[in-house]
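Dropping the structures in below, format is structure tokens.
Both complexes shown next keep chain A, but they swap its partner, so chain B is in the first and chain C is in the second.
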Partner chain A sequence: MVTYIVRRLITAAFILLGASFVVYILTAISGDPLGELRALNTPNRDQLIEARINLLDLNTPAPIRYFKWLGGAAQCLVPFAGNCDLGRNVTGQPVTEALGLALVQTLSLVTAATVLAILIGVALGIVTALRQYSTLDYGVTFMAFLFFSLPIFWIAVLLKEYGAIGFNDFLRNPDIPWYIAAGIGIAAGLVLAVAAGGDLKRRLTVGAVGFGFVAALLLVASVTRWFTTPGLGIVVILLAGVGLAFAITVLVSGLQNKKALYSGLTAVGIGIVLYFPIQGLLNVATPLMIFILAVVAVLVGVGVGWLWGGYDRGQGMRVGAITAFLVGGLIVLDRFMQAWPSYFNNGKIRGRPIATIGASTPNLEGDYWVSTLDSFTHLILPTVALILISLASYTRFTRSSMLEVMNMDYIRTARAKGATERSVVMRHAFRNALIPIATVVAFDIGALIGGAVITERVFSVQGMGTLFFDGLDHVDPNPVMGVFLCTAVTALVFNLVADLAYSALDPRVRVK
Partner chain B sequence: MRFGRISKAVGLAAAAALALSACATQGGGGNSTPEPSAKTGGTVTVAEVNGFTSFNPGTADNNVDINGRIGYATHSNFIYIDNKLNIVKNDKFGTYEKTSDDPLTVKYTIKEGVKWSDGAQVSAADMILSWASGSAYYDSDATTYFTTAADTSGLNLTDFPEIGDDGRTITLKYSKPFADWELAFGTAGNGGIDVPAHVVAKQAGLADADALVDLLKSIPRGAASGDAATLKKVADSWNTGFDAASLPADSSLYLSNGPFIVKDMVPDQSMTLVRNKDYNWGPIPNIDEVVVRYIGEAPAQVQALKNGEADIIAPQASADTLEQLKALPGVTVQTDKQLSYDHLDLNFTGVFAEQDVRTAFMLTVPRKDIVDKIVRKLDPEASPLDSQLFVPAQASYEETVKSNGSADYADVDIDKAKSLLAGKTPEVRIMYNKDNPNRVDAFSLIRESAEKAGFKIVDAGLPKDQWSKALGDGSYDASIFGWINSGVGVTGVPQIFKTGAGSNFNTFSSPEADKLMDELVVTTDKAKQDELQVKIDELIWKSSYGLPLFQAIGVDAHSDKVTGVQYMPNLTGVWWNMWEWSVK
Partner chain C sequence: MTQPSQQNEILAERTAEVEEPIAGIEDIREAKGLSQGQIVRKRFFGHTGALMGLVAFAFIFLLAFTSVGWAGIPGWWKYNHVDVAPLINDGAPTLTLTSIGEHPFGQDRIGRDLFAMTMRGAQQSITVMFIIGLIAGLIGVVVGALSGYFRGWLEAVLMRITDIIIIVPALLLAAVVSQIAGRRDSGSWFSAFAVDNGTVVLGVFLGFVVWVGLARLVRGEFLSLREREFVDAARISGSSNARIIFKHILPNAIGVVIVNVTLTMSSAILLETSLSYLGVGVKSPDTSLGLLISQNQEAFSTRPWLFWWPGLFIVAICLCINFIGDGLRDAFDPRQKKFNAKKAVSSGPGAAPVTAADTAKGA
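Let's turn to the complex of A and B:
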């Protein structure tokens, strides 16, 4: 194992060296770094050209410049020495500094999108695999490919037009006329009817219920001015929590494990009891506190499951933990909604909360809730755009992998020996279907850092993509190499991780 | 047993509560929902394309539009340029007077009470540093100390300035008259008082600004002797010491002596300027706060304006952008000509060595069609540019157009061109940037028209990274590319049109024009300068140099919540009168 990793790391180092040389030379010969200056008609043209030549060291041939650069970059390998030197860009800014800033921007943009795309994509993939050739399957496949084939800049511009500008206009006077509510209700009913499956009657019932529920919800929200002063309230949290407890029990252990269901319900109960006491603490929240609270919630859930005991204590603990975490999430969501009016009415927001550019509102002063809401309103559109276009690969990959597993002999065996369908799907099939997906996910995380170039441009996020583009634009290899190093190292590392994960997940594969 | 478990749980809960309260925000408690913050009347948000990089916009590396604009808003100078391209004096900041014509001597005095935002008087030391950085006085062939973006040819004619006893006056003595003396010192980014001497002195390890002045005084021209090592430190501080992508911890790096002062910077996202409370030495701004947001793409700027995230935008102009902007309610769109213009140059060698051939070719150029096709959509009033030296925004444009002979080329005259060619069919290679759609359009129209007169046109267009390298290398006979009129000042004229000058790519040479240009650059009187330029313009046209085609069009747009925004053709952009902006 260790020799395998060492061998892989050594190969990776050589790949990195070779690739960096190629990228450096390609960038350096990709254009004329003095192009914009040559056609100048200012009297100090020659002086400016001279300054640029000195700055980019253009009198040294590119291959030699590469080794100079490599000399500086090699110092990055010495940890904590602080000598890391990746050169400077055309404005004299150290590339290490620019990279640090850009990396933060890019990561905050793509992390949530990637995680959500994986979760939603895998879930949809499994559902479509289980309901192969159903209307739902075709519907999801159609939508996934539709979004996959749309250019992201177009999706992004549309999202900005309707999701931000249109929605903000709506928020100014959030009245939903009955016909709009009915229209949205019909759309929701149709989707539900398609998704429901079963015979026509069942579908119609589900669709009608969905239509009624959604339309009524919208009308109530409109009448009660829910969009200006949103909130869940303890009743909704209770109802949603109980629903969640049942759903999670179904997935994790099956409803026949009463103790598991009880631990889930107990977790909901604890959450409801704590709802009012915890508000005071939440008012002074910090990110660290939210994290600790999340951990505490999970621990409490585990504890509840353990206390309920039963023949399969582990399942109860799992149900308790997941339910407690989600109920905690609902309480936090409710607190965010409570902060909404003060965010919405903040002078810097000007009553237009959903943003089309950047990562935060300049000079916004507010507590944890307001500033986090601000991040959400800025991140929501790029995140949705990224999710929509990356959903297809996860959905399709999970679907095919799941289908393949579901046709395996051991699934038939599992069914034959009387395992419940839940147990077959969740325990026998799903876990094994995840193995190939792990590889895809690892690759995607590797590609994540350099992968959102266009989204960055459209939403004016000055991340890695912008750094890369600007570098190429000025025929300046230094920033390009900085971006290259980051993406290449992550890609190589995650490749290795993918291989190791593969061997860990699949007992048939062994690294040697 | 049972009891023990519960008490443990209680203990654990207590410990957790303690830990949680320890990480709570300070001073919280009660209902934290903050009261809606007071609507600070007077914030204007401006969208900028480029990210801010340095508090010293005068260095060659950081000579980016945004740095200049922030510098302009946070600094005062003896003059500024208005949007009619006039030099406007700011007497409240300081005064300058020409005390002698021969030798040209200019005395600069800063008003008492003009202060940096740390309270220090803006002094002669600041002017000396500005002079040192913009004069290339200490540079030799081997070493460049201050890497300035400014044209050093003017201040390089001066000797070390004489410093007045009040510590606020310096006197520059030019070894020969210099036409652009008013611009050589005291404009932002070009010998402006942008960098505080006392901060540079501290960075270079000197005691104070006086020590810096003493150091600079002790070093002779070319820095052949004296403490060159410390000079290097001073220059390094000036060159890179003020570079900052995020707000420096050291507030002395962003001292202001102008209407606004930097309050906050979010790297690559935004920048906030607030009113400089001390400032009373110049036009006083109406608004309290300017927020700059960096938005690179034009459609994103338009949508940000629509969504109220930006109040003023100046996107890269295209017909689509303009259409979108015009469709927005509550938005004022301003379009006008920029100082950059496209032009067709004919080489004075090869096929165009003969003037008749050049004239014939010029007669075939459909300038009106080119304007119609390329800029009409952006500016319904666009017309071909009719002067090589002036733009219509300048007062002398009309006068020069009357006499320079451009009228001969107002319309295409194929017959006259044919008769000048007398049956010849010269082969003309036209070089242009193939990746610039405007240039491609211009080329196509010219080719079509010229072929009617019998010219054989060869497409010598090159990709964007190669065409500028080809300038002046003889691989083409005619070229289409862009130049930027400086708007003010005349030292740019010989750079293009003088025999053998750096940007004279078509080997144009006219001894008579050379003589006039020699006179021009030493003429300090504006009226006389214009007179000379009109003559030079005429000589250039008479020698069938080539043709200016059209000026690029700039677009800015602002929400109707903001008033006082006016179009500006030069690089300062809408910022030029930011003190007149106000919020409804």
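Let's turn to the complex of A and C:
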């Protein structure tokens, strides 16, 4: 095992050396580094050219420059020495500094998108595998292929037009006429009827209930001006929390485990009781505090499950923890909604909250809630675009993996011995289907940092992609090499992680 | 899904298995006496999605290549992608359900015909796609076959080269190629060629980059196939290495190759349009679907058709290729039995698929 890892790391180091040389030389020959300056007409043109030659060390041939760069980069390997030197870009800023800023932007862009895409994609894949060859399956498969074929720059422009400009226009006067509410209701009812499964009567019932619920919700929201002053309120949190507790119990332990259900419901109760006392604390929130509160919520949920006890304490604790976390999330969401009017009417926003470019509104003043809302409204469009693009592969992959597992003999055995369908799907099938997905996820995380280049460009986010393009435009290898190092190292490391994870999850596979 | 109904399903499946071949699943006896190619063809043409994809793709292909002409051959459409005509109705599309009109897809700001430009762009995308598929397929198969069959130092060298190419960003390579191709005045034979055939050069270079995934897959196939008995038999009977590779192993790995070349081609279209969008792919005055979108995205609110048509064609081409690839995968994969939804629906809940092993045991 250790020899395997060491061997892989040594190989990776050599690959990195070779590839970095190739990238450096390619960037250096990709154009004329002085081209933009030569085209200038200003009197100090020659000085500028001279300065640029000195800055980029252009009198030295590119291969020798590479080794100079390598000398600086090698110091990054010494931990905590602080003399990591990746050169400077054309404005004289050290590349390490620029990389740090760009990395934050890129990660905040891709993290939420990746997590959500994995969650939704895996869930859809499982549902379609369980309902193989149903209308739902065909519908999702077609959508997956469609999303798979969408160019991100095209979907991004569509989102900007309809998601941002259209929605902002709607928010100016948020009235939903009855026919639009009915139309959205019919769409929701159809989706639900297709997703419900079972016989025609059941489908129709579910569809009708869905239609009534969604249409009524929209009308109520319109009448109460919910979109200008949104909020959940304690009643909605209570109802949603109870629903969540039931749903999570069904998934995690099955409803026949009463103690698990009670721990979920107790967690909801604690959340409701704490709703008013905690508002004062939330008014002075910081990111760290939200994190600590989330941890506390999970711990409280675990504690509740433990106190209820029962024949399978672990299940109760799991239900309690997940429910408590989600109810906490609802309370935080409610607090965000309370902050919405002050964000919406902020002088910098002027009633058009959904942004089409950038990562934050410059010079926006406000507390934690307002500034976080601001980054949410900026992140929402790129996140949706990235989710749509990457959802498809997860759905297809999970579906085929799940189908393969569902045909295994041990699934037949589990059914034969009388295991419930829930435990067959969640315990026997799902866990084994996750093994190949874990590898794909590891690969994707490895490709994450460099994968959003076009998205960043379309939405004008100053991330790794921008750094890369700036380097290319100025024929300056230093920023390009910085970006390349980050992407290549993560890709290589996560390739190794993927292999190790596979052998850890599936003991039949040995690394050697 | 309640428990009793599930048990009923299993029971129903059992009876179905005993009494008749599973509904919707091709009976293995039907395949008797057919060659591998015939079985694959039969399954592919039984796959509705793939067939529709194939028909739609053939339609787009013919439309794109005959309408504005190709390689100097004139087409039947009256404009080409550089002709400027007077603006009619401010360039709005004239396409209606009954007639196509003068400019079916509309015109851009200076009066060029969008239908001609879109067709030209579709030609470029399809050309790039085929070039990439051909080159990536060839290199991928050769590298994968050599490293998987011979192992040893050759495998080590080839696979390390593959690793290096995988982590070098394709965007950088495209930028370098487009820079070199853009230097009209430098006078080298390459730039002279590239000025006229930007698409071909782009396709060739992308082909040299995207073969890596295929090479890994082919190597994996070869690693497992070379241990099989029929390879030993061929070697004992005195076959040369080349004969074993091309006559004995490659036909067994052809499914993986074809399917993955198809999927590479569908991602190649998106790659080409993305690069053109970013300005490092096909360059003006020639046009491409990605370039059209990038030129016209600012005009979305005033002339939305300039943005819709090229995008729809990208999505349509890519969707067709994806469906064809999916059909091919189902046709070549012996573990996934051919499935006919109509048959399965008409005969009730016995439609759960069985593995190849099950069917073989039953037969």
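To be clear about the criterion, the second predicted complex is superposed on the first by the 497 of 512 C-alpha atoms of A that agree within 3 Å, B and C clash if a C-alpha of one lies under 4 Å from a C-alpha of the other, contacts with A are read in each partner's own complex, and residues count from 1 in each chain.
The rule is short, and it goes like this: a contact is a pair of C-beta atoms (placed from the backbone, for glycine too) under 8 Å apart; a residue touches a chain by one contact, two chains touch by 3 or more.
Since we're looking at a predicted model, the values are computed, not measured.
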First (chain B), second (chain C), both or neither touched by A:Ile152
second
Tell me which partner A:Arg457 touches in the superposition: chain B (first), chain C (second), both or neither.
both
Name the contact category of A:Gln93: first (chain B only), second (chain C only), both, or neither.
first
For the three-chain arrangement built by superposition, which of chain B and chain C touches the greater number of chain A residues?
B
Could you say whether A:Glu421 touches chain B, chain C, both of them, or neither, answering first, second, both or neither?
second
According to the stated criteria, A:Ala13 is in contact with first (chain B), second (chain C), both, or neither; which is it?
neither
Considering only the touch criterion stated at the top, classify A:Pro362 as touching first (chain B), second (chain C), both, or neither.
first
In the overlay, answer first, second, both or neither for which of chain B and chain C A:Ser30 touches.
both
A:Glu161 in the overlay: touching chain B, chain C, both, or neither? Say first, second, both or neither.
both
Regarding the shared-chain residue A:Thr42, is it in contact with chain B (first), chain C (second), both, or neither?
first
From the superposed pair, tell me which chain A residues show up as contacts to chain B and also as contacts to chain C.
30-31, 157, 161, 457
Contacts from chain C onto chain A in the complex sit at residues 1-3, 6-7, 10, 24, 160, 163-164, 166-169, 171-173, 175-176, 179, 266, 270, 273-274, 277-278, 290, 293-294, 297, 300-301, 307, 311, 314-315, 318-319, 322-323, 326, 335, 339, 341, 344-345, 351-355
Residue positions on chain B within touch of chain A in the complex are 9, 16, 19-21, 23-25, 28-40, 45, 51, 53-54, 59-62, 64, 144, 147, 149-153, 239-240, 243, 245-246, 263-264, 266-272, 289, 291, 293-297, 299-300, 303-304, 306-309, 464-469, 471, 481-484, 486, 491-492, 494-496, 502-503
Which chain A residues qualify as touching chain C in the complex?
11, 14-16, 18-19, 22-23, 26-27, 29-31, 130, 132-133, 138, 145-146, 148-154, 157, 161, 197-198, 403-404, 407, 415, 420-421, 450, 453-454, 457, 468-469, 472, 480, 484, 487-488, 491-492
State the interface residues of chain A toward chain B in the complex, per the touch definition above.
30-32, 34-36, 38-48, 50-52, 54-55, 90-93, 97-98, 101-102, 105, 157, 160-161, 164-165, 168, 280-281, 283-286, 288-289, 292-293, 296, 303, 338-339, 341-342, 345-348, 350, 352, 354-360, 362-363, 365-370, 457-460, 462, 466, 475
